[in-house]
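Sharing a structure below in structure tokens format, with a few things to ask.
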Amino acid sequence: MKLPKNTFKSRLNIEKQYGCWAGLTTGYAAEILATVGYDWLLVDSEHAPNTTQSLLGQLQAIAPYHSHPIVRPESSDKDNIKRLLDIGVQTLMIPMVETAEQAKELVSAMHYPPKGIRGVGGGLARATRWDAIDNYLNIAGDELCLIVQIESSLGVKNAEEIANVDGVDAVFIGPADLSIGLGHPGNPYHGDVQSSISSVIDATLSAGKACGILAPVEADARKYMQMGCSFVAVGIDISLMRSAAKENLNKYLGARSKSNNSGTY
Amino acid sequence: MKLPKNTFKSRLNIEKQYGCWAGLTTGYAAEILATVGYDWLLVDSEHAPNTTQSLLGQLQAIAPYHSHPIVRPESSDKDNIKRLLDIGVQTLMIPMVETAEQAKELVSAMHYPPKGIRGVGGGLARATRWDAIDNYLNIAGDELCLIVQIESSLGVKNAEEIANVDGVDAVFIGPADLSIGLGHPGNPYHGDVQSSISSVIDATLSAGKACGILAPVEADARKYMQMGCSFVAVGIDISLMRSAAKENLNKYLGARSKSNNSGTY
Amino acid sequence: MKLPKNTFKSRLNIEKQYGCWAGLTTGYAAEILATVGYDWLLVDSEHAPNTTQSLLGQLQAIAPYHSHPIVRPESSDKDNIKRLLDIGVQTLMIPMVETAEQAKELVSAMHYPPKGIRGVGGGLARATRWDAIDNYLNIAGDELCLIVQIESSLGVKNAEEIANVDGVDAVFIGPADLSIGLGHPGNPYHGDVQSSISSVIDATLSAGKACGILAPVEADARKYMQMGCSFVAVGIDISLMRSAAKENLNKYLGARSKSNNSGTY
Amino acid sequence: MKLPKNTFKSRLNIEKQYGCWAGLTTGYAAEILATVGYDWLLVDSEHAPNTTQSLLGQLQAIAPYHSHPIVRPESSDKDNIKRLLDIGVQTLMIPMVETAEQAKELVSAMHYPPKGIRGVGGGLARATRWDAIDNYLNIAGDELCLIVQIESSLGVKNAEEIANVDGVDAVFIGPADLSIGLGHPGNPYHGDVQSSISSVIDATLSAGKACGILAPVEADARKYMQMGCSFVAVGIDISLMRSAAKENLNKYLGARSKSNNSGTY
Amino acid sequence: MKLPKNTFKSRLNIEKQYGCWAGLTTGYAAEILATVGYDWLLVDSEHAPNTTQSLLGQLQAIAPYHSHPIVRPESSDKDNIKRLLDIGVQTLMIPMVETAEQAKELVSAMHYPPKGIRGVGGGLARATRWDAIDNYLNIAGDELCLIVQIESSLGVKNAEEIANVDGVDAVFIGPADLSIGLGHPGNPYHGDVQSSISSVIDATLSAGKACGILAPVEADARKYMQMGCSFVAVGIDISLMRSAAKENLNKYLGARSKSNNSGTY
Amino acid sequence: MKLPKNTFKSRLNIEKQYGCWAGLTTGYAAEILATVGYDWLLVDSEHAPNTTQSLLGQLQAIAPYHSHPIVRPESSDKDNIKRLLDIGVQTLMIPMVETAEQAKELVSAMHYPPKGIRGVGGGLARATRWDAIDNYLNIAGDELCLIVQIESSLGVKNAEEIANVDGVDAVFIGPADLSIGLGHPGNPYHGDVQSSISSVIDATLSAGKACGILAPVEADARKYMQMGCSFVAVGIDISLMRSAAKENLNKYLGARSKSNNSGTY
């Protein structure tokens, strides 16, 4: 058996890749989303209540489909990264990376010695398909992909250094955290936020790396792509569902008081 | 503690109630849907892979919200109904009821002797809030609601008798099964199907019961309400999510070949 | 490895055995209860939301302790009984047995041909410890125990015949269902119910079988034991916990209005 | 998206297909087994403690691999079959089929009207990939496969009639149940059992259907293939693991008393 | 939809609030306990085997009831706190806080910039009801409540500084850890422990903050309330259940040797 | 109830103990493996996707059997160790210990003050059997066992100091990580690796501690035992199963192209 190709990584810098956030935390919901055809799905363990086992179930459910699963853990914890790689995650998105030093530690966490410090899982790990994959120890790194999130003013300041770290494949901008961190909560369109986004994109592209961003609004997505972003999360499963359901219901509620929308809360 | 009021039942025949199918099988997804404000949610165990425990989790998650949970089991099995009532289901929708005899057995399954054969769960059951509810044995039936589905030609033929069964609170029409059963798979608009729907609505209303139907297309929903339906499922969570996601993605894919939408399958 | 001894069965008719209902549906809660020292625990799948997997987890958790696990399924379904036996249940309590014919079918469901119709699970089943137990096919029946519940007027009428069925090891009386079935909901002390209980005990003992009952009130338990019951469920985990918690809280609430005990409900 | 091809069905009667029992009840274990390369895996819910959700997880985990998943439910229950088809099972193995009438009901349970009585799950069902598959209602039956088990003397007697039922694709012989049913528990080599096996194979092949059997012993497997069986379960995951582990441990235990192999039991 | 009111926080310093430990780790057990009427429940992830998902299920189950859920994580880990806030925890109890610096970091972990470093979950988080709550980013902090545990001699020494940290709403004393830390394992009544408790209460009240403690013994609870504690955990679900069950069983065991209480252990 | 005896610890330095890796992450699979009779099972949370709850289920499942469960967490995290001890883990194996300082912190994490910093779980913890065990606080340490893994060149260098740390009961060598760390990925037979192994064994024995190693190949196991190892993991459940299955299948595939072994991957 051959090491699964990381299709997302191989298309970085080559073509646009459209993604969607997968926040429903089950293999069942993830497979439903995978039938839609996004190039990548962000299986989120930072802001959605996943466990290692629910992430595993989602990786399995998505595996037969076109969509490449990217997993976002809640932190840079190296021991957690070890476990995620072992269950077969090939692309990691790490939140709130602020320095090149942090980025280097992430690279180290993802690779075996001498490049890094990843522990050997061998026949116990799905990553190796329990040893069915030939030569895993020597080729594993080829199909791993590291995306670091820049989403703070310190991160913006260090963007060039971060993007230039060897082993960082891409940078992903988090507009929500960046906005609040710059003093403009909920307002990514503020000039400070926009100029920060612009400077991160430039720094990333200058380093020869790919840049991505979360942009559920179409106009934003198109703007950021024009600015150089090549992988954009254009939707969030939960938001897509809630918006569609609200729009659907509102067709009928009409004049009826909407006060019944809230119960206990 | 007082027996929870069955708000859905109390509004039957009084006002229109808009519902949505909940097919994602977790309390997490159910709570998300409950924030939207539908009057009722159909937690489906006929066509979605639920267990008694996943149904329980969904009942708990929906409890604080306006939306009333209706559970659809996969069959008329009386022992399963006993278990569903014990976890606190107050409104049941039973698929494929074709005779008054079946309907009477369902009524029997839902009520304690002498009206029926339901077993006493007492302090073990969420239905009684583990005995926190006063006088549950004598008042339980007041807040239970039975919806039978008519979705076959035999059911249509017996609609009047079924609707008149004492203890049947409402009839729900299943257009998809009815269509295929009448020889028009996927075509609920065929004249035979439409006249069957019409006759079931009439029979139900004549019996003084409420009639409901699944109609995710707005024009259908409005037509059926004009024909007399008072509780309509105007959406399906999974379909709402998939449609919204496809529409979202298609904005961007443009000219790109969509052949990448299918992987293994 | 030897077939685990059914300690409950071996003590039937020899000594009193005190039991407790286990209704919390997890191995964790079951192990906690098992530390208390009851002779048997009734792991309930009739009125508590268990699945085959949660029952398995409870059997495993209880295994190292003195308490013998008895499982009560929600029905007489023979295919479900097959699955319960396969996960290692040795003693089954079946609700609402009303005729000798039903009892015979239960015996049949529990035994291999030619005595019955149980299917062979072999190396797939925990019952055989995945084939670690020698000669399981020929000795399995020795350690299985069938308790049938008599809890309806028809059952009472047929008690003698039921108790005499070969393969029925014991009869268990359900006072709550019996009361409501005889027209006295919530009142097991009514003369009709008491005389029914008495006649079932007598019929059972006459047949040389053991008789049990649920009696969380001490005076009841002592009375029924005097009448001949030898295995009595003297407690229910959920009720014990709730009662103790309420008593505990009430020490402090004192004058404060207890209206805050109910929220949404 | 196209309806997934039932590779197992398409190879029936064309080439030998080697299978393995999957009894460990998780997607994780099922994926591990799927890396081995068997043509089919029998995901067993008759003798292993699965739920609909654990079966779903196993179907998802196996999907990317060569191995075709066959699901065995615990009974012929039509409502359960409806649910299994909805989660995407394409091949069912049904235990203990004894008459042509039973076989016809199974065919009916698997097909939409007018051929059968299967209910329409539509956008709620993984079978349709939540409506991503074109024309599912009309083509679903093409990729479904029904295997009936003959494993009793009555089944043997009716083998020809059963095999000739239109919609039965294959017959699978259960030697363990057949042996005990014929009065030879644990001895499938007894002449009565062997002649029964032989007659079922002949009846099945005469009907133009494929015949399969469970034969973990190589000599048996080869013999049954010579007799006409074309799909043979040559292993059981649990047994393979336990045998290998015992053999491994015994290399070392040597002279040490093996009495330590049993703990409580 | 409005941000849920933190009823526990709003009653701090105004009235006594009685709580109970919830250690059974399921939504089912948590809802049972919530029917009792405690003002708050401590859902414990420090000493009970919870995961983020089991905590979520408990929050959902408790939501309709009077009892306010407080979650105790196993550590001060900021990324874990981010996840707990995202699933909707409003009140956190943090074990073993020993310095004002630690307390300040906890405050930082709970608040968005510029007050702290909490990451923005937005539409992915139950905290915002998936964006159904208006203006969450700006008002979130109003309904969050931080309780720090002082339960070591170093913590006692720094109690005044810790209690005075802006953003610390209350201090909770852990008598068991304090006792063992002071060299008196299992003896909270030792003079050293008592004087430490007294000094922590005084320091907390002087800082204008509320003080709580665990005191399952009534006399202790009353004493600590007299000393100034306003929220007291007067029970532990597991202990209440076990004690009640043991007392219940002991009524009957009488003379019988209790040696059967221990099995393997 | 008495504190469970740590049979593994009591046999250290007295007799050879043969172990097996348990990587399948469920109580069900763990119980199957426990029927085989290994002296110890390594329940792995470093390279297998366990949660605290799945570890608990495995501890419960193994409890009645001869095999002693050793749990390996993914890191040295002290708060995680606290939780593992609370669910009743008695023997911990900690990966990648490189200095005496780290080892001392591990000892501290496992013991109550004044020896360490472990928090008191009391009636909430399975470790104390929810307070059924007498005097737990004072005797807990007697039955706890700490195994540290030496599997890096730095660890080898510090082996003597590490082994001499009071509270370290044994050292376990990880040949896979050691090999790759020394620049010989996948080649534990390289002279550098072998001499490192030899020096760790010597250092450990000199300190009067027991030494263990993972050695699934019989010749290796025997060699390392001759060199002084007294507890050897001679198998890995997943590998045993996969190897046996592959060997089984290959008997039949014969000439057929094995290209069908890989699907998507």
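Just so it is clear, A, B, C, D, E and F label the chains in written order, and each chain counts residues from 1 on its own.
Heads up, the rule we're going with is that a residue touches a chain if its C-beta (ideal position, glycine included) is under 8 Å from a C-beta of that chain, and two chains touch if they have at least 3 such contacts.
Protein names from UniProt, one per chain: A, B, C, D, E, F = 2,4-dihydroxyhept-2-enedioate aldolase.
What you see is a predicted model; the values in this text were computed from it and never measured.
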**OP:** Determine whether chain A and chain F, two copies of the same sequence, contact each other through the same residue numbers or different ones, counting it as same when over half of the numbers at the interface appear on both sides.
**Re:** different
Original post:
If you tally the C-beta contacts, which comes out ahead, A-B or B-C?
Top reply: A-B
Original post:
Using the average of all C-alpha atoms in each chain as its centre, how far is it in Å between chain A and chain C?
Top reply: 51
Subject >> chain C-chain D separation of Cα centroids, rounded to whole Å >> reply: 34
**OP:** Give, as an integer number of Å, the spacing between the C-alpha centres of chain F and chain C.
**Re:** 40
Subject >> Where chain D touches two or more other chains, by residue >> reply: 1, 25, 28, 32, 35, 49, 51, 56, 63-64, 126, 129-130, 132, 238, 242, 261-265
Original post:
In their shared complex, at which residues does chain B touch chain D?
Top reply: 21, 23, 25, 44, 46-51, 54, 74-75, 77, 95-96, 151, 174, 176-177, 180-181, 183, 185-186, 236, 238-239, 242, 261-262, 264-265
Subject >> chain E to chain C touching residues, read off their complex >> reply: 16, 18, 20, 24-26, 28-29, 32-33, 35-39, 49, 64-66, 218, 221, 234-235, 237-238, 240-246, 248-249, 251-253, 258, 260-265
Original post:
Any idea which chain D residues touch chain B in the complex?
Top reply: 1-4, 51-53, 55-56, 63-64, 79-80, 82-83, 86-87, 112-114, 119-126, 129-133, 137-138
Subject >> Residues of chain A that touch chain D when the two form their complex >> reply: 1, 27-28, 31-32, 35, 56-57, 60-61, 63-64, 126, 129-130, 132
